[in-house]
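Chain lettering (A, B, C, D and E) follows the sequence in which the chains are written, and residue indices restart at 1 in each chain.
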Amino acid sequence: MSDTHAESVAYVRDTMLKPQPAPAGESGAIRWLRENLFSGWLNTLLTVLGVLTIYFFVSHFASWFLHGVWKADSLAECRKIITAEYGQGATGACWAVIRDRWHQFIFGFYQRELYWRPVLTFLLLFVAVGPVLFQWVPKKLIWFTPIYPFLAVWLLWGGSVWGPILVAVGFVLAWIVFSLVGRYGSIAGFSAGAIVAILFWMFGVSPLAGILHAAIPLGIEPVESAKFGGFLLAITLGAGGIVMSLPLGVVLALGRQSDMFLIKTFSVVFIEFIRGVPLITLLFVASLLLNYFLPPGTNFDIILRVMILVTMFSAAYIAEVVRGGLAALPRGQYEAADALGLDYWKAQRLIILPQALKISIPGIVSTFIGMFKDTTLVAFVGLFDPLKGIPDFIRADFAWKGIYWEPFVFVGAIFFILNFAMSRYSMHLENRLQRDHR
Amino acid sequence: MTTAHDAPEHSGFRLSQLIYDTRYRSLTIQVVVFFLVMAFVGWLVDNTIQNLNALGKDFNFGFLWQRAGYDIGNALIPYNNDMTHGRAMLVGLVNTLWISFLGCVAATILGVVVGVLRLSKNWLVARMMTIYVEVFRNIPLLLWILVAIALLTEVAPSPNAYKINPETGEAKLSMVFESIAFTNRYTAIPSIHFDRSLGVIDTAFMPISLNVLAIAVVLGLCFWINKRLLAHAGRVQEATGKRPTTWWKSALILVVPTLALLIALGFNPDEPVLKGFNFTGGTNVSNSFVALWAGLSLYTAAFIAEIVRAGILAISKGQTEAAYALGLRPNRTMNLVILPQALRVIIPPLISQYLNLTKNSSLAIAVGYLELRGTLGGITLNQTGRELEAITLMMLLYLAISLTISGVMNVYNNRVKLKER
Amino acid sequence: ATLDDVKSRGELICGVNTGLVGFAAPDANGNWSGFDVAVCQAVAAAVLGDPSKVKYVPTTGQTRFTALGSGEVDLLARNTTWTYSRDTDLKLQFTATNYYDGQGFMVRKDSGVTSAKELDGASICIQTGTTTELNLADYFKANNMSYQPITVDSNAEGEQQFLAGACDAYTTDASGLAATRAAFANPQDYVILPEIISKEPLAPAVRQGDDQWTDIVRWTIFGLIAAEEYGVTSANIDELAKGTENPEVNRMLGTEGDLGAMLGLDKQWLVRAIKANGNYGEIFAATIGEQTPIGLARGLNAQWTQGGLLYAPPFR
Amino acid sequence: MAVSDEVAIQIENMNKWYGQFHVLRDIDLTVQRGERIVIAGPSGSGKSTLIRCINRLEEHQAGKIVVDGIELTNDLKNIDKVRREVGMVFQHFNLFPHLTILENLTLAPIWVRKTPKKEAIETAMHFLEKVKIPEQADKYPGQLSGGQQQRVAIARSLCMKPRIMLFDEPTSALDPEMIKEVLDTMIELAEEGMTMLCVTHEMGFAQAVANRVIFMADGQIVEQNNPHDFFNNPQSERTKQFLSQILGH
Amino acid sequence: MAVSDEVAIQIENMNKWYGQFHVLRDIDLTVQRGERIVIAGPSGSGKSTLIRCINRLEEHQAGKIVVDGIELTNDLKNIDKVRREVGMVFQHFNLFPHLTILENLTLAPIWVRKTPKKEAIETAMHFLEKVKIPEQADKYPGQLSGGQQQRVAIARSLCMKPRIMLFDEPTSALDPEMIKEVLDTMIELAEEGMTMLCVTHEMGFAQAVANRVIFMADGQIVEQNNPHDFFNNPQSERTKQFLSQILGH
């Protein structure tokens, strides 16, 4: 096998070499510049173009920002100050409008002395989603998560504490009935639980709430939804829509995965219909048509109606996200559950959904970002969203008529900060999930 | 070994089988669900009928044949206020399709450029593109549309600025190439005019210019010939290994006949001239259109850029290396190896972005561009008070557009699906 | 019936504009005020005894009629033109005209235009979803002129476009034009053309089919108008409510007869309605009159005795 | 290692198709209580399909399967009963990654058998000790090695106190050094007299514990015999060929 | 299996850094035409980097690499020439999934070597026969098993008629039963006298076909020798330690 030649090359290194620093020109600022900015005529051209673009933006907008006025009572006063300080024809931002009306951008017409309530609700939101989204939050806190929606509703809308509590009791009742009847089959338990809960909500809640409130009047000052506006409205609609749409979305996703033809068809039709039309048309349905579909005499306020349609809208999108999560589960999980004798509902509840939902969290967060941005469209049905509704009515005030750019910048910045943070976080989650995955 | 078991007797059908037998169980569930859903739908319909009766209204699309009475700023098909609401709806639909089409084209071009530049080795440009993508993705589209229209109205000059001052004989501003004028209400561009026109056929839907038809036919022919040429080049390559250079032949074939036809028809642009308040003669592209178009394209391009980037990144480094190791040049590698694969990854989400853009075109409401929502779902609805009919019809039309687009996507997906074991 | 609903609810739900200077706009604290809002408050005062018991539902041009038709609001006090088809086809019931308006045009002074007849070929900003669109089309057609409509979504946007010169003329109701112009940095650079191309009687509307409720709203408005005619103001009403020489005033203020009972209300209903924001003249002066930044003259909206069109039928 | 006369599983003339593809053809098989059967055969011969039919993870289209006296039909109640009696261990463990080991083990007893939680935990710990990893009870499956995971999977099945255990290539996804620990656990189980059906290519295991080896090819049972004769004196050509491949390495 | 005196690859004092990380240090290596070299070493020792430098998939920063008489510099033309002469087979096959097997094989000959299509197909079929899967020509890579894919990858390189072949752990992503079929193909190639550089941990293969085994650690060539001496009588500590790990199993 071995010939002379091969033998002659036998070689052993007796002293190992230490790593050497890379030769000059392989590091340092110059190299960085050369490699990253000027590594060829095309690259150089791009760099120059880039610099020119930046210069264009800075030269056009910097002075406007820098000449901003923070203290004034009206646009006219702003203009006067700018002219006085920077000379005739100078332009500048009139941030005074933000200073004067920031609370309306954030809270709409919510009573000022009650601002602590939405703020508290918002902070508690993090406690509620913490155990799901953040690893360092103690998992024990998860008990707070199901309580939170009721607490949030109560804090935001106020009124007697008994309403939300009784609605929650409805869920508890459903659970009890489900556990009792569940032994005769999951479907029976499920239906019985649902029927009991619905009956309780329809006929039990309001009289009982009345009685309880008369006996123990626990409550805080009620706030009607007409007072919601600005980011409070946007976040309430976005978050409320997502939370309420989760159960519906999960059901739709399961329906779409089902091998029962009719159920699959209904799910697909619903999902594709909702996803096939613009949100604006659904909002018009909320504002113009929903009352036609309900029994004569029923009347919700517009925010609730919009919430219903927003929920349906996000349910269709959540359903697709959850479907992705379901599809990502290996078949073995279903089979193992079957082999252990778990029936469909138990397998879904204990094995499949916990995993599928976890995988879906980044998708749900993205859906939420989309929803949150889309809530600006409610301006077109007469609600005070932060982007158009609030600025439009601020402009209906004589002092700020004609103000245009400052609200855009302010509202845009808030949207950007919130959404950017969320999208980064969801990317991080996605990476973590990929790492964690078995 | 004894058989310790007797087969259970197969008694007839028992009611409990409806629940416990796998064969009937799903049937039972489906029937129950079906009745529940139908009951729900019936309830909705019944409510609607009652409510309509209470209001003394009916469900009737007759309004579509009534006189509309309002004007539409930029109708692509002939329209005036004496025509019907149905016609106005059609105008809106055509406008929706038109803005969506142009939006998709612009968003794709921009998105691809940004997506590729984001991967560029140029640090500055890559960073700038990242900023662009993040800023546009995370701020509501509505804001971009409003910003676009505000910029256009505040920054661009009014048509007056192009007026020639009789004393000095000069205008404050002169038109670009003597034929394009940007103003704060529209962009005036030349329209096409033929000195030796072939005439126009009037159809009920829209007049068809024979000139345009002729040009389209000639262009189609040229493309066909060019395709033949390329196919020929391919055959030569197969036979000899050498590919003949074709680019200049292609260029000739594509350009010369069309040019000849244009000259024969006496083509010349009809340049806009300022008359009174406005430009006439050319075509005025309204700012609401431009703003909506810009907003939609810029916003969607940010998403497309991400899709393109992800698509290119998804084609593993190994593919490039394998191609290089085989001696393929970078541009050939791109054309023969990377792009065909990246496209499969890119196109499905790309099409769903097209869908989003089409749906988002309904935000025209913010700038007053009259598309489907503005005509049928806006003015018509308002003037006739037929909410139920108008909104139903509008949703169905949007749905039809969406389903068509996603149908195309499915066909494509099935065509290019990678063969797996 | 609506009256019972309102009473049991303890609150009047009033559909208003999402924000129109002088007519309906919330201030920094979210309190609504304006000419239309005053109607709501007067009705609330008459029915519920408290002008602040009103819930305002902002409506757009698109949503207003549905809001009323579906029972979401009890009363639509939003600048809405009384037209034949709305009255009949849309099943609305207009109560009484509280403002006589008409569609006009505003142009820049330096454009040199002095009459709407010179607007041939002009770009015109117009708010979508209103009668103005139809009027404009009709007017230009009748005068054999052409125009380029530039549709805008809201008044704010129309203003901005007009200011930036995106349109040569801005058209809307003359009251709106005046209000808009008043808020410009340099109002003197803009003129409102003399032509009024349409009749725009603005009237609060209610649902058809509830005559009692219609009458309450209608006669509350007439009451405000009549109060001005007879010199009943928020300042002297307490005095006059004790009894006056004028039997009609006595009937209105409940010191003679019981007109309120015919509406299902008490005797003092109109006293409270007038006290809420004063009589028609006071409301006008406080919200849109010449002393306000909007500075509208009474014009057609003067009492018939002053050469205007306001004419309340007798309280008898 | 006694084999009783009682029949645990009885398969008669069973046929199964996937669409038009005939996977199992005329399978006849009787398993006595306490028997340990190893099923071997080339890939695609239908081994997995066969044992998956026994707990109705797959539906058969013709013939009869009776498990523990219960015939597998479309009746869900029967299927449930059978699944409670039959434990199954998969090639890829299929532990539930979102639950701890202990939760994996107690889930089915609590929800299916309605065992009180305390009792379920006791049983679980008992079986974890049996597979020699009681100290891992509070970890998640992802934190365990493949061999440990497979042992947990076996324990999970045992917690349901099944009378029959099915194994589908339990060691083929494992690294060589882990195969032994799993086989040891299985041998121990065999010694306790559990009725076992095991698809495996571990011929050493077959020789050590099986009462019977079944050789399948093309969806049919080609040969069955006691391990000694099966390996030393195979009858059919297919078997010989297969054995030479498997052992020849 | 003769080794000629002609030099196929000459590497002198070559150094390479990734940023500040010194991956390859003072590499000196001469490969004669017809030589078959196996490169071994612990993970991260720079084996892949070394052979990737030879066809300039990585750039070296100091020293000289001459392949087939052509020095690798920044000159694109030289790089093209070298890449035409050097075939490379990767660990993960890197077949083009959107092209059929035949198209994978003819792509480079047609576009790089400008071979007429008919001729290219003939060559391709020839090499497919050589790697024993001519019947798969019209399938797509995704439809083949790993071993088949790797054989296609080898055939794809051969279609360019290279004078030198580089292999980077060609069998490490394969299931055990497929390793053999790939190694067989490579042995056949070796017997035909192809110059080969092969990074692999298959020591059986090294002993069977290599003229020389090179052991790398920490970016350096620590030891090289003929396979017999290398395995039986390793000199350096690092080598001994490595071999005990690899063979000790």
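We take it that a contact is a pair of C-beta atoms (placed from the backbone, for glycine too) under 8 Å apart; a residue touches a chain by one contact, two chains touch by 3 or more.
The chain lineup, named per UniProt: B = Polar amino acid ABC transporter permease; D, E = Glutamate/aspartate ABC transporter ATP-binding protein BztD.
This structure is a prediction, so every number in the text was calculated from the model and none was measured.
Engineer: Could you run down the chains that neighbour subunit B and subunit E together?
Structural biologist: A
Engineer: Give me the chains shared as neighbours by subunit B and subunit D.
Structural biologist: Shared contacts of subunit B and subunit D: A.
Engineer: Which one of the chains is closest to the middle, using the mean of its C-alpha atoms?
Structural biologist: Central chain is A.
Engineer: Quick one: which chain's Cα centre is the longest way from subunit D's?
Structural biologist: C
Engineer: Suppose chain centres are the mean of their C-alpha atoms. Which chain sits farthest from subunit A?
Structural biologist: Computed centres place E farthest from subunit A.
Engineer: With centres defined as the mean C-alpha position, give me the subunit A-subunit C separation in Å.
Structural biologist: So the centre of subunit A lies 41 Å away from the centre of subunit C.
Engineer: Counting in whole Å, what is the centre-to-centre distance of subunit A and subunit D, each centre being its mean C-alpha position?
Structural biologist: Taking the average C-alpha coordinate of subunit A and of subunit D, the gap between them is 47 Å.
Engineer: Using mean CA coordinates as chain centres, what's the subunit C-subunit D distance in Å?
Structural biologist: Each chain reduced to its C-alpha mean, subunit C and subunit D end up 83 Å apart.
Engineer: Return the distance between the CA-based centres of subunit A and subunit E, expressed in whole Å.
Structural biologist: Whole-Å distance between the two chain centres: 52.
Engineer: At which residue positions does subunit B touch at least two other chains?
Structural biologist: Expected reply: 19, 51, 150, 365-366, 381, 387.
Engineer: Scan subunit C for residues touching two or more other chains and write them down.
Structural biologist: 62, 66, 70, 153, 160
Engineer: If we use the touch criterion from the header, which chain pairs count as touching?
Structural biologist: Here the touching pairs of chains are A-B, A-C, A-D, A-E, B-C, B-D, B-E.
Engineer: Across the complex, what residues on subunit A touch subunit B?
Structural biologist: Spelled out, the residues of subunit A in touch with subunit B are 35-37, 39, 43, 46-47, 49-51, 53-54, 185, 187, 259-263, 266, 272-273, 275-281, 284-285, 288-289, 291-296, 369, 373-374, 376-377, 379-380, 387-388, 404-405, 408, 411-412, 415-416, 419-420, 423.
Engineer: Over in the complex, which subunit B residues touch subunit C? Could you list them?
Structural biologist: Per the stated touch rule, the residues are 51, 55-57, 69-73, 81, 149-150, 152-154, 157-158, 160, 184-186, 275-278, 280, 284, 286-288, 365-370, 374, 378-379, 381-385, 387.
Engineer: What part of subunit B is in contact with subunit A in the complex they form?
Structural biologist: Against subunit A, the touching part of subunit B is residues 19, 26, 29-30, 33-34, 37, 44, 47-48, 50-52, 54, 117, 120-125, 128, 134-135, 137-143, 146-147, 150, 359-363, 365-366, 373, 377, 381, 387-388, 391, 394-395, 398-399, 402-403, 406.
Engineer: Can you check the complex and tell me which residues of subunit D touch subunit B?
Structural biologist: Residues 5-7, 10, 30, 32, 64, 66, 69, 71, 73-77, 79.
Engineer: Please output the residues of subunit A touching subunit E within their complex, sorted ascending.
Structural biologist: It comes out as residues 1-3, 5-7, 9-14, 16-17, 19-23, 26-27.
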